[in-house]
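Structure, as structure tokens:
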Amino acid sequence: MKIIKNIFNLIKGYYKFILITALIYLLFQIFDGSIPIAPRLLTRYYMQIIMFALINIIMTVSLNLINGFTGQFSIGHAGFMCIGAYTSAYFTTILFKAANMAYFPQLALFIFSLIMGGLVAAFAGYLIGLPTLKLRGDYLAIVTLAFGEVIRSIVRSSDEIAAFLNQIGLVKFSETIAKISGPRGLSTIPNLSKFWLVYLITILSVIIMRNFIYSTHGRACLSIRENDVAAETMGIDTTRYKIIAFSLSAFFAGVGGGLFAHVLRFIHPNNFSFIKSIDYLIFLYAGGMGSITGSILAATGLTILPEFLRMINFQQWRMVIYPLLLIILMLRKPSGIFGNREFSFLIPKRKEVN
Amino acid sequence: MVLLELKDMCCYFGGLKAVEKFNTKIKKGELVGLIGPNGAGKTTVFNVITGIYPPTSGEIFFQEENIGGLPSHKITQKGIVRTFQNIRIFPTLTVLENIIIAYHFRTHYSILSGILRDDNYHQEEEEMSKKAMELLHLFDLHTYHMNPAGSLPYGEQRKLEIARALATEPNIILLDEPAAGMNPYETIKLMELIKRIKEKFGLTIFLIEHHMQFVMGICERIMVMDFGMQIAEGTPQEIQKNPKVIRAYLGE
Amino acid sequence: MTKKQISSSVNKKMLAYDKLPNWKKYAFISAITLFFLALYISFFGIQAFFQQLVNGIQLGSIYALIALGYTMIYGIIRLINFAHGDLFMFGAYISCFLGNYLMAHNFRYPFIVVLIFSMVVTALLGMAIEKIAYKPLRFKPRLAALITALGVSLFLENFFALSPQNVPFPLNKIVFGPKYILFPALIAEKTYNIGGIAINNIKILIVIITIILMIALQYIVKKTMIGKAMRAVAFNKDACLMMGINIDKVISITFGIGISLAAASGTLYALTYGQLQSPYLGIWPGLKAFIAAVLGGIGNIPGAMLGSYVMGVSETFATSINSNFGYGIAFVILIVVLVFKPAGLLGKFTKEKV
């Protein structure tokens, strides 16, 4: 009963938010031909790009949690994504064959695998955060970067790891690991990331992160960003909150990775290199640190922009124009498009007091 | 009753003895001043008491408990809070949020409650806002409550920092040059405010100040430091006459 | 162990290490290194060991030249110049073009001319980038400059990778194209066999040139007026302004020097491998060199050298065992070092003044 009441409470505060997201969903349904009242503008290919945009929203908002809201500087976000992608694909593709399942068990398995992906990523975030969050600014950044690359090379060595396990007698385990087939990429991942599901999970993730930020725990993180010495003297265990923010962020990056794997249906360690982490940094800073609105719009815009440039036959130039726009943006507006402002429907209502 | 006791407290930075064998006892309800020339080590004394730097040696007792070497936030939670010489408010957060953050360690609702925004969340958040607004009224800062703290005039930022410190509901508050950068009018107002909050909350206050009129005007007891050493201690009248103090300030 | 125990024990280890005198630190590091090297010898034999050592020193030299520039620039404006690896690439291409031209005209000493020309031209490009993209952001949030650096990096890579036939007239003379090109044999390769270890004249030359450049750099930084000004600006910009030091000029020169070293490294790199894969070739050497700089203690010139050789040698050894291992080792070493020594091998951990 309590849970139902909580869910009701959850919805009560968001009618505007729900209205807007439902409307957007409806528009997509209309234009991709699911509701046949308008010409089908969005082909499968475009819908896939839109799903990538949604996943990038999760990734960017979660990166914002560390970089924008907690004021730490992490640049290895793709590493957590990699963990999530491989963990969830492990469940749906290797351990169980989701492709041969009925609809509901399949859906349940997928959601379970996403959560597992998130949890494993969060645990990795916790492990790496524990000793390194004491490092200052750029050092933390470089450790997170290194961490992402280590994860990638571990996955790439799956064959060697399998061979080693085989040698020491863990044959069963070795066989499963061999199926990850790191250097060749993991294919035949079932097509489980349906548009509605990606859309729903994106919204849920954004709401959860936003609610976290607007709670006392989130404010503790904000105070670290604003002035960590003062935050300590206000009784806030800054190390603890850095780790919380880091793990939460890693969790959502893991979920994003799981969704990503099941949209692309083929994952390779190179999908999650340093270069991918840099993409998310760019989305984040272009949108504005400390602004969820900015993250959402920049992730969407900058995912679609290169595709758009491709569409108008700027194929060759798109990766030249994109960084140029970024440089100009930073020179003109160093705090990003949105700075730290938000759309009002993204700010939860609080009772006015005087 | 002795609230805070420092026993041979030292703090070295490499070869620099920033604080050397500092000893004192501060009783509940006292208003004690710490003065000394620039670089004497006053701020470092505060930094060590509040756990920003661990003491190189020596002991710090608060309510008969050795708190030396505890992390800052633990010390605040035990009831010692401070302000900073160079203001350290949370500049892009609102004035109200600045205060509410100080209540953080007294909140009970979990992260999950915060994410689900359940009754606990709403109840505690509302309580915090209410308390924070009351405090802002006391400091005459309520008109700014939705402004970013960094946009406040300098003097108001200092006041906000003191208000924020009070919000942690401390037993003792350490003020590091609270009147720095204020004009004479503001300084007088601040003196009155400090006296008022001391009465109202039954506080113990330990403050560093350069402004002699200010220190002599409100402190019951004054300590003087020079080159990391404690060179004198006494009532304002005694300090004013102390030849060592005069020498420290005027040179040989 | 609880979280607190772990972090406090880690803390204690950091402190214990910090308190050691310098020579003991070196001894400690050497002991660990020797242990691993002995392990290697016992598995692969002494001959393989020396061969890898020679290769490692060569790679380390290439990293060192890049890392020095990174560290100098970081030291002076606290900016991770992500474009450094791309300027390394630019330097390599410039020497390739000039080298081809000189070889076609039977020039007597092509190598030294090519090296100097490439250093000068690349330095000019680097200084121009500093003027246009970084200088306006000097007093803005540091992260804005960092994102700009990422933008510059992406721009350089993607711009020079455009195919000449797709680009309008004046630009098609500038771009390099995405395909690999051969690097001219500016120096006839001669291989000497010393006790079964293959050493060629190029390897020797690379090490000699690196040493010469490092000595020159040390001389400039320690002995000349401009070097003193650099150190002063790195230490305190405000004070320099009051002392009438022209900060802009000093920063510009620092960029020039740092980037010319990257260009030299690019030339040596190209000479070693005899080909240029694509304009993206700077990404990974740049990243590794940056990590080497952090490993040594960023902002610290001897640290950058030490870090680079540690990285180069360990990478070649690890690669000779397994290529994935070789890729990951740099990052693993970095994480381990930073966990125990948060400011890098030779860096000093300074606590923020409150």
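Quick notes on this one:
Chains: A, B and C, in written order; residue numbering restarts at 1 for each.
The definition used in the following text is that a contact is a pair of C-beta atoms (placed from the backbone, for glycine too) under 8 Å apart; a residue touches a chain by one contact, two chains touch by 3 or more.
Owing to the predicted nature of the structure, the values given are computational and were not obtained by experimental measurement.
Taken chain by chain, the contacts link every pair, so each chain touches all the others.
Counting C-beta pairs in contact across A-C and across B-C gives the higher total for A-C.
Between the Cα centres of chain A and chain B there is a gap of 42 Å.
Chain A and chain C, compared by their mean Cα positions, are separated by 32 Å. For the pair chain B and chain C, the distance between C-alpha centroids works out to 47 Å.
Shared interface positions of chain B, i.e. residues touching 2 or more other chains, are given as 52, 84. Shared interface positions of chain C, i.e. residues touching 2 or more other chains, are given as 354.
Residues of chain A in contact with two or more other chains: 229.
Per the touch definition, chain C reaches chain B in the complex via residues 351, 354. Those residues of chain B that touch chain C in the shared complex are 43, 47, 52-53, 84. Contact residues of chain B toward chain A in the complex are 50-52, 71-73, 76-77, 81-82, 84, 88-93, 97, 100-105, 107, 109, 111, 113-119, 121-122, 124-126, 128-130, 133, 142, 164, 168. The touching residues of chain A, when paired with chain C in their complex, are 73, 128, 130-132, 134-136, 138-139, 141-143, 145-147, 149-150, 153-154, 156-157, 160, 183, 229, 239, 274-275, 278, 281-282, 285-286, 289, 316-317, 319-320, 322-324, 326-327, 330-331, 334-335.
Those residues of chain C that touch chain A in the complex are listed here as 3, 6-7, 10-11, 74, 78, 80, 133, 136-137, 140-141, 143-145, 147-148, 150-155, 158-159, 162-163, 166-167, 283, 287, 290-291, 294, 298, 322, 324-325, 327-328, 330-332, 334-335, 338-339, 342-344, 352, 354.
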